[in-house]
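Okay, so subunit A shows up in both of these, paired with subunit B first and subunit C after.
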Partner chain A sequence: MGTTVFVRYLPLLLLAILWEIAPRLHLVDPSELPPLSAVSKAWVGLLMDGDLWTNGVSSFVNWFFGLGGAILVGVPLGVMMARFQVVDDVASPVVKALYPMPKSALIPVMILWLGLGAGSKIASIGMSCLLPVILSAYNGSRGVDHTLVWSARSCGANERDVLWEVILPSALPEILAGIRNAVAISFIVLVASELLVGQRGLGYLISFLGEGGVYDAMFAVVITVSALGFFADRAYLYFMRRTLVWRE
Partner chain B sequence: MMGSGIIFGQVSHTYRPPRGRPVLALDGVSLEVKEREFVALLGPSGCGKSTLLYLLGGFLPCEAGSISVGGQPVMGPGPDRGVVFQNFALFPWKTVRQNVLYGLEKQRMPKAERERRAQELIDLVHLSGFEDSYPSQLSGGMKQRVAIARTLAIDPKTLLMDEPFGALDAQTRTLMHEELLAIMRRTPKTVVFVTHDVREAVYLADRVAVMTARPGRVKEIVDTRPPDGARTEFIHTREYTEKVDYLWNLVRDEAIRAQEERD
Partner chain C sequence: MERVNTQWRRKLLRSSSVILLAVAWEWAARMHFVSDFLLPSLSTVLVRLFDDIVSGDLLFGLGLTMLRTFAGFSMAAVAGVVIGVTIARFRLVRWFFDPVVSVGNPLPKIAFLPIFILWFGVFDWSKIAMVAFSSVFPVVVATWAATENVDKYLIWSAQSLGVSRRALLWQIVLPSAMPEVFTGLQIALPISLIVVIICEMTMGGEGLGGSMMTSMRFADSPGVFSGIVAIAIVGSILVKLMEILRARLLVWHQESARR
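On to the complex of A and B.
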């Protein structure tokens, strides 16, 4: 087991070694790509003086409320669109029109409406994550096998029971897959919105350090954000598999 | 006490697809099923026999004609009419035990009692030891036994079966026939059984209603009760073979007509 893990992450290790050697041998300009050891040292520095922590917390708050809001609004809306024609008629054209829009195009609009603080960032993340969540809930609920609904009804289930006990669990695999897409989008929009404006967050820290020319620290934050995204996806995947054990 | 005799009176049904023109699926079907009688609806695919069953189940609205169970018009689905579908229709996220418990929970049976009842039914369909398995871990025959247990658990007076063994292999199907007959001996019910398998219809049913190709009408009703009432032996008698031949000829014409219409 130890060896397989080692083999699997070997390419990453090689990349790390290359990252260390290339700037030292001046194959690349060390001021543009500081060696990994310098980046690591800067990372420890950021951790010690608390910059990583305070900005991380404020990014986390934006991410949590943005994504959480998208899930809280998107799942019920998608299910309702699938179940009630009226809701579908009203919401579908809006959803379809917004679908091809680049998510980051929303950020300036949100800043205009909600200002430079956390509000506009939460709204940008929320709006961007909303569509994949709505669509997955919609498709998942539409695809429910009607014999399942009929079986429940003939067992004595009412409309409300059917919604909670048949439609939602049936749609759950698709909903969870949609949320996974939303998690990926949330990280992109989170960093993009903080890069653009603001005085807080990991995205802000990247642009602040970049503008100040502190590249080793800037790379340290970039790696941190990537690692957070990676582990968030892994943790989510684990949760998803646990929730859907019944599938295989 | 309310009975469970079923009366279809001049039932017609038009199927309206989202795109394309409406299709007359059933055209004035009249049929009476007596209490505790086992009636098979036999016909070629697309003859509307399943539609008739869904109307009886209350899953589709009855727009023309009347359907009553125990003298009461069918207004919607209800626990007095249990259903078994060809695709099993088990809740895939629930274990065997949870599936069987579902109807009992809906009927608000006290916890201890419903646990006992569920186990009883699981034992009845020979699935002891699989209580905590998910449907995805079971074979087709086992899945259908779970579905039957779930339906029987709430003790419906009427059982509606929509080609319940159609997705099973021949051996499993034969075993399931014997099991179904054994269960019906223990807890007799009114059964409406949809099938396109002539032998299955003759073997299981008291009467077989043969339906025409679309639009579905009742072409003929044939009595298939074994003379001495012994069903398991029936299959080896000449009467059985004769009934099968007779019914096959009736269905054959309709199957050919249905096929011509498709081509």
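On to the complex of A and C.
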């Protein structure tokens, strides 16, 4: 087991070694690619200063409220669109018209409306994640097997029971997959909005260090953000599998 | 008769929500519930959009954005398909790329933007490279899965007829992987658009994203709103074009017959 994992992830180790050696031997310019050891040292420095922590917390707040808001609004709206013809007729033309819009274009409008602070970032993230969540809840609940609904009704289930006991459980896999998409989008929009404006957050820290020419620290923050994105996805995937374990 | 009636009502209802939204926008702006700066009226925005089209500004920005998008996207498409096919065929390549892809795919690639600026400068190349880097992973993953899942009986029967390895690749493996590869491309194209807009907004250099940011800095809100309308329209046209292209290219495939 140990050796297979080692062999499997050996390429990443090789890349890390290459990252260390290439700048040291001046195969690439060390100012353009600081060696891994320098980056790790800068990372420890940022952690000790508390820079990583304070900016990380403010990024987390934006991310949490943006994505959380999108889920809280998007799932009920999507399910309602699937359940009630009127809601569907009113909402789906708007949803379908806006869905293909490149989400990042919303950022300037949100800055215009809500200013340079956290509000515009939360709103940008929320709006960008909303459409994939709505659409997955809509498709998931529309795809529910009609015979399931009918048999529940014939057993005397009321509208509310049908929703909680039949529709939501069978739509769950699709909803969870939609939220996974939204998680990926949320990270893109979070970093983009912080790179663009503002005085806080990991994205701001990256651009601040980059403009100051402190490249080893900049690389350290880039790697941190990437690692956070990666582990968020993995943790979500684990949660998703646990939640869907009853479906085999 | 009644059925015709309800169909008409549904159509009316469906288009009415968009029209209602447009009317509400115009009305709210005209009644000055919010300032002109926060919400310029729809007619102002449309007039602005029309002016930008006539003056050629929009075409210029659109051209630059599309050039960057397609340069990056086609690099990602070619590289993604080649890497995906070789991963599925050669064990050594797979050993190397398997962890790289599984770690690289969920990364928020946009965080690498300042590194790309450092390496490629602030002009077109860094934007193109960023687009390619962000959109290559879905293509690799889709191609890899597709070439691995090609029907074994197809391959066996082709081999029993004595085809060469090259013919097997071009005439059996690639065509039957085509639908899934195209799905990968359909995921990658919106990512390319999102990323190109972000790059133009952060680095400047004209383009649709750049001019939107310039308008925002100069507090020119009709410019910001006409920018978002233009980008939304371009986005939907490109998504639609990909669907049409898919139907064209896969006209021989079962999925087209179902329509």
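To be clear about the criterion, the second predicted complex is superposed on the first by the 248 of 248 C-alpha atoms of A that agree within 3 Å, B and C clash if a C-alpha of one lies under 4 Å from a C-alpha of the other, contacts with A are read in each partner's own complex, and residues count from 1 in each chain.
FYI, a residue touches a chain if its C-beta (ideal position, glycine included) is under 8 Å from a C-beta of that chain, and two chains touch if they have at least 3 such contacts.
Just so it is clear, the model here is predicted, and its values are computed rather than measured.
Colleague: State whether subunit B or subunit C is in contact with more residues of subunit A in the superposed arrangement.
Modeller: C
Colleague: Should A:148 be classified as contacting the first partner (subunit B), the second (subunit C), both, or neither?
Modeller: first
Colleague: According to the stated criteria, A:105 is in contact with first (subunit B), second (subunit C), both, or neither; which is it?
Modeller: second
Colleague: Pick one for A:138: touches subunit B only (first), subunit C only (second), both, or neither.
Modeller: Neither subunit B nor subunit C is touched by A:138.
Colleague: Contact-wise, after the overlay, does A:63 reach subunit B, subunit C, both or neither (first, second, both, neither)?
Modeller: It touches nothing on subunit B or subunit C.
Colleague: Counting only touches as set out at the top, which of subunit B and subunit C does A:203 meet: first, second, both, neither?
Modeller: The second partner, subunit C, only.
Colleague: Determine, under the contact definition given at the top, whether A:246 touches first (subunit B), second (subunit C), both, or neither.
Modeller: first
Colleague: Could you pull out which subunit A residues touch subunit B in their complex?
Modeller: By the definition above, subunit A touches subunit B via 145-148, 150-157, 161, 165-166, 169, 172, 245-248.
Colleague: Could you pull out which subunit C residues touch subunit A in their complex?
Modeller: Checking each residue of subunit C against subunit A gives 10, 13-18, 21, 37-38, 95-100, 103, 106-115, 117-119, 190, 193-195, 197-198, 201-202, 208-209, 212-213, 215-216, 221, 224-225, 227-228, 231-232, 235-236, 238-240.
Colleague: Using the touch definition up top, name the residues of subunit A that touch subunit C in the complex.
Modeller: Of all residues in subunit A, those touching subunit C are 7-12, 15, 32, 86, 89-94, 97-98, 100-109, 111-113, 184, 187-188, 190-192, 195-196, 202-203, 206-207, 210, 215, 218-219, 222, 225-226, 229-230, 233-234.
Colleague: Looking at the complex, which residues from subunit B come into contact with subunit A?
Modeller: It is residues 54, 57-59, 76-79, 81-83, 85, 87, 89, 91-95, 102-103, 106-107, 134-136, 147, 150-151, 154, 156 of subunit B that touch subunit A.
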